[in-house]
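Next up, some structures in structure tokens.
Shared between the two complexes below is subunit A, which has subunit B as its partner in the first and subunit C in the second.
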Partner chain A sequence: MESNLITENKQKNKLEKAFEILKTMASKPSGLIGLTIVLFHVVLALISPYIAPYDYKAISPNTMLLAPSAEHWFGTDSLGRDVFTRTILGGRTALTVTFFGSLIALLWGGLLGIFCGLVGGKIDDVVMRVVDAFLSIPWILAMLLIVSLLGTSTEVLIPALGFFYGKGIVRVARAATHDVIAKDFIISARARGHSNLSIIWNEIIPNVRDAILVEGAMRWSWMLLGFSSLSFLGFGVSPPTPDWGLMISNARGLMSFAYWSVIAPIVGLSSLIIGINLTADAFAKALGIDRSTKAPV
Partner chain B sequence: MLLLILKRIGLGLITLFIVSLITFVGVEVLPGDACTTYLEREAYGAALDACIKRLGLDVPAYERYLDWASNVIRGDFGYSLSGEMPINEVLGPRVKNSLVLASVSILIGIPLAIVLGIITALWRDKLPDIMISTITIFSMTIPEFISATLLILIVAIWLGWLPGIVIIPSDATFYELLSNIILPVVAISMIMTAHMARMVRSSVIQVMASDYVQMAILKGVPYWKMVFKHVLPNALLPAINVVALTIAWLLGGVVVTEVVFNYPGLGRLVIESISNRDLPVVQALAIILASIYVGINLIADLMTLMLNPRLKSLQIRK
Partner chain C sequence: MNEIIESVKNLSIGFSSQKGKQISILRNVSTNIKKGETVGIVGESGSGKSTLALAMMGYIKQGLFPLKGECLFKSEDLLKMSSRQLEKIRGRKIAMIPQNAGQALTPNLKIGYQIDEALRLHTDLKKTERDKKISELLNKVRLPSPETMAFRYPHELSGGQQQRVAVAMALAGKPDLLLLDEPTTGLDVTTQAHVLELLRFIAKDTGTSMIYVSHDLGAIAQVSDRIVVMYAGEIVLEGPARKILKEPIHPYTYGLLKSIPKLSLDGLPASMPGSQPQPGSINEGCSFYDRCNLATDHCKKNSPDLEHIKELDTKVRCFNHKELINKNNNLQTSITKKSNNSEAIEVLKLKDVSISYAKQKFFDQLLNKISDQNPTVKDINIDIKKGETIALVGESGSGKSTILKSIAGLLKTKDGQIKFENDRILSSDLKMRNPNDLRAIQLIFQNPDESLNPNHTVEQILSQPLKLYFNLSGEELKKNIIDLLKKVRLGKFYMSRYPRQLSGGEKQRVAVARAFAAKPDIILCDEVTSALDVSVQAAVLNLLQQLKEDLGTTYVFVSHDLAVVRAISDRVAVLYQGRLCEIGPSQNVYKFPSHPYTEVLLGAVLEPDPDIKPKLVAEDIVEEKPPEKGCSFQGRCPRKIGDICNSEVPPWQIGENGNAIRCHINIEELASLQQ
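Right after this comes the complex of A and B.
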């Protein structure tokens, strides 16, 4: 009975804490703007298949390169497809790929980092050397290599992005683990005879979680940038998938007279990236983690 | 001190060795080899055999790696598959073009970033800071291909001031390049400046809050003398490392910018060689770009060491 009460209290505390963090984030204008933009994009991504007025892949020679009008809010592209439909569905593509990619990055990067920080020694040295080496290959070259050899589809892109963007999280998780590893509560847990797994789960993860989550939020925006750059270069998702990078690269050649088909995806992508960045900054500040002196690697 | 420098160089070389292993093993492990990926559907019978012979794919992988690595150390990257010419000849003009683009951007970007960073720090949370900081946040978060596309749309198409996409032969002379790189330079230095200005800003703010600056203020040191004599030397030092990382990070962004502007540099070669499945060129590019990255970081590390007396004595004591 009593233990039930405690877990109930714990859960309530967690919810309350999350709410507190959200409140702190929204208390500054930049955080509020960021949260609003991200929320708007997430809601739009969820409902876009139901509100899209046209079929995103319906090609029609009669509606080529129409200017924005009542029927086609954002005009049509060079194949006669509705730009509004493709723009709102493009957000769905971008958010799906980068959300699951970030999740994978957080999981493997975080766990490997904690493991390295915990065991130290030779294993740690070797892993960190390899991570350093991966960091020194320009992201675009590595991504292009993976994608060009494994093919372009979301099933390849999500793990590839997740793998590639997780290596920075390894460092952060490792450093955070180093900070807590010598603390008394870990030593006492060891003295109580807890196993390594139990120490990682009960003692280390709750203490390094914040740092890893903040890093993950930043990685999310970089991953979105990387993903859309790949699509723009023709190495991301394949047509006719509605995707902002792909839309911009297709419409670029004709923008001297059909600027609308390039403006809509530009606004969508820029606003989402800025929104995620502002939110991540506010998140870091609300958790009391200073990110202002970090380089973008 | 010398030992420390040697140690850093050694670590850099180990990193490069691992990078070469990663690219080699990556190409090796992934399905297909240079011949099957290059010949694609024609990869059977005599053509395949000839290709395997020509590239020496019939010897074991570790022997090929040693062979390739020893050639690379001597500065020979082998032959490109698609152009059938030495990779060194393919790379030469591209490296020059990219160097021109990068150095002009850096020459414009770094001083501008320092000035903007100082302005935003000294007028912290006032109008100049809010305006400049908003612009820097925008220009550092928006992807390179978007800012480059917008630049072409606004400057070249709507205003008609500059040619948008120019066709530059890869062996263009220095002066031919200069007149055509205005927009690419703006696109690259915009992002670079934004990153560095933010860095300089937070660094200056930190130093301004330190005890010795407070002391200088209390002693009545004139404001501008304090800024230039006490604050800046201490604030710009930690920025060197981040500047180096930013430049190295931009290598990826330069690829995209070069593609948007159709600029014949290393970046476009990356895309071209990967589209052509020219794996020897891709391997060469990976090593070259990684060496640039490691080199820039090494220089930054050494510069901070030499310029910071405190760090120097600390390291010696260790």
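Right after this comes the complex of A and C.
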């Protein structure tokens, strides 16, 4: 009976801890704004197919380049499609691709970084030089190469983006691991004869998790910008799928007289990036504060 | 002599908690510092001693603020001054010597320049006068060759020399009051004794008042005229040093003095139960109530005032202090006698062990040749018997921790063998050892803050070895964890706690429990008590001794503290620069004749007794590398006899007490020299 109480207590603590972090994040205006923006975009991405007033691919020569009105809130584009519909749908692909992309980046980058940090020596040297070499390649050129060879489907984009954005995480994870690796509790685990895998899982990950998560959140916003750049260049999502990068690219020539078709996707993209950035910052601060101000009970 | 230069009146300092409650760290502190007097402020970590000392120079740490009271320096309140006004006082009137001079000195500026800077700020001297003053100051703090010293960088100096430079800088402005915050805590025993001697000399020579803050009653006893004892943010006892140390009339000080291991006593000191209350958790009644054995119901409800006792010239905060007045003659007794249950079987043998930190050169690696002829640790031969506690003693750099790491398999040996049970050779590579050997040898580290994973609960920490070695899970695992906690006297509600929610002593108990979880034969203890408060240290030592008696474990105990070693160990090995100097039963190593290095170490031990002054024999220079030829102690030996010490490794001589000494001087001659 009592042992059950203890486990229950522990689980509650974990939930409480997550809630506490969220609360700390929301306690400052910047964190609150960031969280609200991200939440807004996620909810919008989920419900937009059901609330979109028009068909996103319905072309009509009669409604070409109409200014915003009660009927078309954000006006129409050069093919007569409703900009509001396309804008609220335009974040779906970008969000999905970059979310799973950064998850992949987090996983391989984090694990490889921790492994290198723990093992050290020659393996570490070789792996890190390879990572450095990859860091020196302009990612957009490499992405163009991959996309032109393998196509622009999400199955290609997610792992490719995940790979290119994970290199930075390798460095961060390795540095964070180096910080804890010299601590006595790791030496103690080694002396007891735990395997490397067990040391990584039990001793290192709980201590570097926060740093890697924060880095992953930052990468997410960069990846979003990168993905939109690809779309802008015509290597991301293929038309007629609504996408912010693509919409900006299509409408940029008409900017001087049909500004509405550019502004809506720009606002969508930049607000999401700012939102994620603010959230990541608040997340980092919440974790940092959480650690330092916890008075002994 | 009786002019008061600083007086603290009813000072309370505190912080606001997250819930907006005011929590005080210092509560109603009043004291006076007279001209030319050295006042020692002593207390455990968290007692508010540093906060008080810093407030005395008008500095309050970030996050804290004064709640009430004042700090009057020459009748001006420091806490109300602007930073401009304070600048004029700090350095010129009140100077401070920090704990770690190595970190307080700017690493890329020369010593002379840094002292010159202090002179420029705090005096009106001209350049040529200042230059003269610099060498004068360096001379005063007794640094060797002051002319060249000024042109050196901080890293070129030893820890003791750096501390001397800090003293010189503090003296530059000719302050009236000198504040010392644990100035010798990070230093080696011999260096510490030298620095304290210098401070005492300066106090007498310049007539400067000093406030000496420390947790170490031994150091305080050497320098102070008056002692202020702090507990949980209050002054609990204040009076002349001799009275406080010889006849403490507060139960906390009484218990504290009894819990300090002493060289003259063979056995473990009595421990004090419990730990200091956290700020904010002190309610009504006496703050020492929970740990006091004189406490009555009256103490629980009423908090005592600081009462002045005229005949003893002492102020005490206790209702029942009269009971202690007559009890003080037994300060030296009530010691748990240790029992030696070592058997004749040798469980671990170190045979000609050498350890080198030098990296093998590429060609030597190819030829499989060992290049380092002068390794950090050389020719260590120790046989460890089952059930005994053997201590490795020495200053920093003596290789004692290095040997421990090698036994644990964390560091490869260069030469020699480590033999375990029935002369089976243990591989020096951790990965080559079989799991049962790994289980049999466990480590306890110095600092429990570092040795416990901060993101694990106590339950997770203790389940690691149980899962690894015994494959336990579920209810059985839980039962074992509760048993372990019981063994180290912790309740089972500790299971869900994180290390940061525990006090230092509790953390170290968890670390001890983790080591015992493996049911080990040998436990390697690396300075296990040096990060703990004195009252907690005795409790941990007693716990280790009790567990050893119950379970028959063998301890290899590494420490720099000779008094602690004396209390716990059966045998002692003295190391200098990675070479053995002396080895023998502990009661004999502490008697003469002993190796000159042991003699130096013993002489430098600081006891909390104003009558026992340290004997300073060897210079406190540092040696970075062991000498290539001859005796390892040749560079500092006060009894060096000549060239033979530089050229030949001294032979082992066995004294009649059973201790082996490695010295060229004949053992009987050594005995008569040391009488």
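One rule holds for everything that comes next: the second predicted complex is superposed on the first by the 281 of 297 C-alpha atoms of A that agree within 3 Å, B and C clash if a C-alpha of one lies under 4 Å from a C-alpha of the other, contacts with A are read in each partner's own complex, and residues count from 1 in each chain.
Everything below uses one rule, namely that a residue touches a chain if its C-beta (ideal position, glycine included) is under 8 Å from a C-beta of that chain, and two chains touch if they have at least 3 such contacts.
On a predicted model such as this, the values are computed, not experimentally measured, just so you know.
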{"item": "Per-residue contact with subunit A, leading partner among subunit C and subunit B", "value": "B"}
{"item": "Contacts of A:187 with subunit B and subunit C, given as first, second, both or neither", "value": "second"}
{"item": "Contacts of A:203 with subunit B and subunit C, given as first, second, both or neither", "value": "second"}
{"item": "First (subunit B), second (subunit C), both or neither touched by A:94", "value": "neither"}
{"item": "Partner chain in contact with A:221 - subunit B first, subunit C second, else both or neither", "value": "first"}
{"item": "First, second, both or neither for A:138, with subunit B first and subunit C second", "value": "first"}
{"item": "Touching partner for A:282 - first (subunit B), second (subunit C), both, neither", "value": "neither"}
{"item": "Doubly contacted residues of subunit A, that is, touched by subunit B and again by subunit C", "value": "293, 295-297"}
{"item": "Complex interface listing, subunit B residues touching subunit A", "value": "14-16, 18-19, 22-23, 26-27, 30-32, 37, 137-138, 141-146, 149-150, 152-153, 157, 195, 198-199, 202-203, 238, 241-242, 245-246, 248-249, 251-252, 255-256, 259-260, 270-271, 274-275, 277, 282, 285-286, 289-290, 293-294, 297"}
{"item": "Subunit A - residues contacting subunit B, complex", "value": "129-130, 132-134, 136-141, 144-145, 148-150, 221, 225, 228-229, 232-235, 245, 248-249, 252, 255-256, 259, 262, 266, 269-270, 273-274, 277-278, 292-293, 295-297"}
{"item": "Residues on subunit A engaged by subunit C in the complex (per definition of touch)", "value": "2-3, 6, 9-10, 13, 183-185, 187-194, 198, 202-203, 206-207, 293-297"}
{"item": "Subunit A partner contacts - residues on subunit C that touch it in the complex", "value": "17-18, 278, 408-410, 430, 433, 435, 438-439, 441-443, 445-447, 450-457, 459-460, 464-465, 468-469, 475, 478, 492, 495-497, 500-503, 514, 518"}
